[in-house]
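The structures considered in this document are given below.
Next, two complexes with chain A in common: one pairs it with chain B, the other with chain C.
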Partner chain A sequence: MDLRAQLSMSFHMDKCIGCHTCSVSCKNVWTSRRGAEYMWWNNVETKPGAGYPLTWEDQERYRGGWEVSGGNLRLKLLKGPGKIRTLANIFFQPNLPTIDDYYEPFTYDYQHLFNAPAGDDQPVARPKSLITGDFMEKIIMGPNWDDDMGGSPLYAANDPNLKGLSESQKEMLTKFHKLFFFYLPRICNHCLNPACVASCPSGAIYKRGEDGIVLIDQDTCRAWRFCVSACPYKKPYYNWANGKSEKCIFCYPRTETGQPNACAHACTGRIRFVGVLFYDADRIEDVAKTPDERLVDAMRDIILDPNDPRVIEEARKQGIDDNWLVAAQNSPAYNLFKKWRIALPNHPEFRTVPMNFYIPPLSPVLHSAKADNGGLFDSESVEFFNSIDKMRVPVRYLANLLSAGNEQLVIESLKKQMAVRLWVRQQRVGDVGDSAAKAALSSVGLTPEEAFEIYKLVSLATFQERFVIPETHREAQTTVDPRTMYEKRGTVGFGNKRQELVSRQW
Partner chain B sequence: MDNVLFGVMPYILLMTAIVGAIWRYRSNKYTWSSQSSQFLENKTLFFGSFPWHYGIIVVLLGHIIGFFIPKSILLWNAVPLRLYILELTALAFGLLALFGLLALIYRRLTNSRVKAVTSGWDVLVLIILLIQVLTGVGNAVLYRWGSNWYAASAVPWMWSVIKLQPDVSYVAGLPLITKAHIFNALIFFALIPFSRLAHFVVINPYKYLVRPYQVVRWYRRGGPTVNVVQYK
Partner chain C sequence: MDLRSCKKILVKGLQLGFALSLVAGVVPMKAAAQDAEPGDAALGKMYYTGEKQFASGAPPCISCHNAGVGTFGGGILGPDLTNVYADDSKNPLLNAAWINAGSPVMAPVFSNRNVTDEEVSHLRAFFAEQANVEAKPAPTGIFTIVGIGGFVGILIIFNIIWSGRYRNRNRGTAHDALWRNYGGKGGR
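And then the complex of A and B:
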């Protein structure tokens, strides 16, 4: 066993209101710099939707992630055997997204509103490209262009997760009475088997042993951009102005000091949880090779129980500090993903073994379901769960998004959430019936205590319960030398702005 | 004049390259790379970057082989048919590189996004490269059997420079266009550490072929990089 610790974020999708507060706080802290304007290390997209960058989930196009071929794990980008092909494409990458797949960053000519000469018409502020500084004819794309299903027949219709849905199920895109969408907040998954790291010819990207955060060494990065192509989640971004790739850093300067990430801290819906997971690094490769149906179970297997005495002993042997151990034992990530099995990874079939987890949304049932069995909350009916198949977001869709197509896992999570709701409703309102509520719980294998814990974590939890982040013990070595902080202001640690001999600002 | 250009200048320019490289690598390692603009424009780039790089790599390899084992070239060229093959191949790859280079220049001049990230150094580099490729191709077309000349006069001159006993007589009799090719090459070397040509000396990628996929760094365990997860 090679026990290691990993910081992990979980998202309760039902509570995300799509307000983008998370994206904006991330942008304010990390990416409001030249060359980084178009980057949203944290972005929130509407699902069904084409996403950002457009159709990032379509790996036929981008060839991100891994595939198993001949029993070996191989980067999809490579196509042929070995790593040679990566190097052969070093001068031109066929699968690299360009800025047009994201959007051309822009500002407005606000000064014109003040300076315009008096005239018959209202002055307008025309959009201006932040790359060239030229006026733009019109803005044709933004970071969240199809928000709330705007233009869904044009954009969301290309969502790769719609694969396998019947025509009538796809009507949730277009028919008003069937319409439903939800939000998918995304940050880098800080994967256990990161494709970005594996594709970097310079060896600039690495996973930190202590907390599993994946970072790009800015001094070593040579602008080959393979990480951008190889990451199936499109979470490394190329800084077009200074020629380096950058990515979500899990706010490590904050987590190292025990504070939650800027996005998680700012989240108005309080949908986010951050915690520690212990896992067995010896088994990463086996997990990544597991066939689709068993992939999520394999991922749950590799996560170790922090209360198991053998695991505790192993953790001590690996030099993991006691505060990390305690945090792992109180980890919301562990409870949601492994213990209660209600959270699921995003697109595990990309085989990077992502370490962020999502609680699938319980959408309302279709109106038409009511006629069949009396609706979801009918206390007379014991068939509560039948309606899950009739929810507005088809289980198939959620399975494509969160469990590599395994519908059972999604149904299990939805049923558990439903059972907890029924049980709590019985406690609070009392109209479900004690035996019915208990029956609902036991049919999904939850005890009343567990149901209460779930209820508490997902709806009442305090700041300290949602974010259980141990401080990092690194008294002897720090990542940022405090003496250089003054020089580095304005760069948030991403490279020093020294000038090249002639006219290039770094 | 020849004495200055081919006797003194080589030392000045090569020293600039070496000292400059050390200085830049130590003082500003962050900038030691070349800025890719594929992210901003990738259609013309395809027709520029691919032919340019593969063309110039083959031509450069020819020069390097000739530099280290000039005899190999002379021996190969002893049979006329083989001489033609060598010359034609070199010319073909030279033209390929020229085509790519022209596409790249066109792209820099016309695409406004690419222009936004173009520095003075980039322009200078393109000019130097254009001169280099044009004089090279010109040599091949106007004067026959450049490969023999290269092995018989340019290479001995280069070695004489390296041995610190520059013998200008080797190159003094060469045609003007050849001299321009040689001198421009020296300027090219001097530019390497200061411009995007730095990527020319980036040797990291070879490591990619031998290292394991995953890279893990530990702060606690000491040592910069420990690779732990090994894949077949």
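And then the complex of A and C:
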């Protein structure tokens, strides 16, 4: 067993209102620099929808992620033996997204509103490109261009997750009484088997053992941009101003001091949870090779139980601090993903073993009419879960998005959420009936205590319960001397490495 | 930089090169004929060019030195050896001991694969003969021209093979693909 720790974020999609506060906080903290204007390390997409960059989930186009070929894992991008394809494509990658696939970043000429000469018309602020600095005739794309367009025949209808849906299920795009969409907030998944790390010809990307954060070394990056192509989530971005690639850093300067990430901290809907997971690094390859239908179960297997005495012993042997152990035992990520099995990874079939998890949305069942009359919901039905199959978002769609097509896992998660709602409603309102609520719970294998814990975490949790982030004890490690920390400021990172720093001895 | 100033620099460079080659041609004429060497000059030339290998398997002189032999001359890592025999300061260095251990550049190569006194005596005879021949600088100009020509040729071939590679990439942007699926004309 090779035990490592991983910081993991979970998202409660039912509560996401698509306000983009997370994206804006992230932009203000990290990507408001020249060359980074088009990057959204955190973005929120409307689903069904085409996303950002457009149709990023379509790996026929972008060829991101891994595939199993002859019993071996290989990058989809680098089909072929060894490094030949890397070399052949090193100056031109046919699958690299262009700026047109993202969008041309723009601002507005606000000064004109103040400086315009007096005239008959109101002055307007014209859009101005942040790349060329020229005025733009027309804004044709944005980072959330198809925001709230869940029924759009141009964007939503081209969502790759609609694959395998029947015609009547696809009516959620076109029929008003079935129309529904939800939001998918996305950051880098900080995968266990990251395709970006594997694809980098310079070896500039690494996954930190102590907290699982995947980072790009800005001094080693040589701008080959293989990470941009290889990542199936399209989360590394190329900075055209300084010629390096950048990606979400999981706000490590904040998490190392025990603070939540900027996106999670700012979230108005409080949909995000951050916690520690322990995993067994020896088994990553086997998990990534697992067939689609067992992939999520294999991912749950590789996550270790932090209350297991053998795991605790192993963690101590690996030099993991006690505060990390305690955090892992109180981790919302562990509870949601493994213990209660209600959170699911985003597109596990890309086989990067992503480490952010999503609680699938229980979409509303508003259309109360007899089911045999074409309605969605039969209010006279006595079945607890009859409406799950009638939900506006088809289970098939959620399974394509969250469980590599395994509908059982999505149904399990939805039924558990539903059972918790029934049970809590019985406690609070009392109109469900005690035996009915208990029967609903037991049919999904939850105890009342667990149901209360789930309810507490997803509905009432305080700041400290949602973000269980242990401090990293940098001062106990030898890599950075805190006495010279401030001398280094401005001399490493974005820009040239100064010679005196290379030769200096700490 | 406009075309005219480029041309001016090119002409200046050609003139300078011509003058240098004249000087280089005149200097060796002063070299006096040396005493006869005991070795065989023909054999020495074969050792020099590598036609005949040194007994120890050491690399031939031509890999690093020029001595006015062969169309392309020799390497340019080491100094030009055309006039090494006539040069009184360099002449004494033409012995097996110095070659095997004397120079920081040559020693690592030749200390493992020594040349023998006999082989060097043939080389001395060859260099003595070579000193009388008019020195000819290594024609690196041909290399440059062939190199540039080849590079341009390869670029042309690449351009033909992969013509329209960018335009054909996935048949346009993702937005174009969406519009195609929708049945429209394009995103613009």
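By definition in this document, the second predicted complex is superposed on the first by the 457 of 506 C-alpha atoms of A that agree within 3 Å, B and C clash if a C-alpha of one lies under 4 Å from a C-alpha of the other, contacts with A are read in each partner's own complex, and residues count from 1 in each chain.
The rule is short, and it goes like this: contacts are C-beta pairs under 8 Å (C-beta built on N, C-alpha and C of every residue); 3 or more make two chains touch, one makes a residue touch a chain.
All of these numbers come straight from a predicted model, not from anything done at the bench.
**Q** Does the chain A-based superposition show chain B and chain C clashing or fitting?
**A** Clash: chain B and chain C overlap once superposed on chain A.
**Q** In the overlaid three-chain picture, which partner chain does A:194 touch, first (chain B) or second (chain C), both, or neither?
**A** The answer is first: A:194 touches chain B but not chain C.
**Q** Tell me which partner touches more residues of chain A in the superposed arrangement, chain B or chain C.
**A** Tallying touched residues of chain A, the top partner is B.
**Q** Per the contact definition in the header, classify A:1: touching chain B only (first), chain C only (second), both, or neither.
**A** Neither partner.
**Q** Once the shared chain is lined up, is A:92 touching chain B (first), chain C (second), both, or neither of them?
**A** After superposition on chain A, A:92 lies in contact with both partners, chain B and chain C.
**Q** If we overlay the two complexes on their shared chain A, which of chain B and chain C does A:73 touch? Say first, second, both or neither.
**A** A:73: touches chain B, not chain C.
**Q** Counting only touches as set out at the top, which of chain B and chain C does A:19 meet: first, second, both, neither?
**A** Neither partner.
**Q** Mind working out whether A:154 is in touch with chain B, chain C, both or neither, as first, second, both or neither?
**A** In the superposed model, A:154 contacts chain C only, not chain B.
**Q** Per the contact definition in the header, classify A:29: touching chain B only (first), chain C only (second), both, or neither.
**A** The answer is neither, since A:29 touches no partner chain.
**Q** Which parts of chain A are in contact with chain B and also with chain C?
**A** The answer is residues 92, 97-98 of chain A.
**Q** So in the complex, the part of chain B that touches chain A is made up of which residues?
**A** Spelled out, the residues of chain B in touch with chain A are 28-42, 45-46, 49-50, 52-54, 112-113, 115-117, 119-121, 124, 194, 199, 202, 204-205, 207-209, 211, 213-221, 225-226, 228-229, 231-232.
**Q** Residues of chain A touching chain B in their complex?
**A** Residue list for chain A touching chain B: 2, 72-73, 75, 82-84, 86-87, 90-93, 96-99, 131-134, 193-194, 197-198, 200-203, 205-210, 218-225, 228, 238, 240-244, 281, 284-285, 319, 473-474, 477, 479, 495-496, 498, 500-504, 506.
**Q** Within the complex, which stretch of chain A touches chain C?
**A** The touching residues are 50, 53-55, 58, 61, 92, 94-95, 97-98, 100-101, 140-141, 153-155, 157-158.
**Q** Please name which positions on chain C make contact with chain A in the complex.
**A** Touching chain A from chain C are residues 162, 165-166, 169-170, 173-175, 177-179, 181-182, 184, 187-188.
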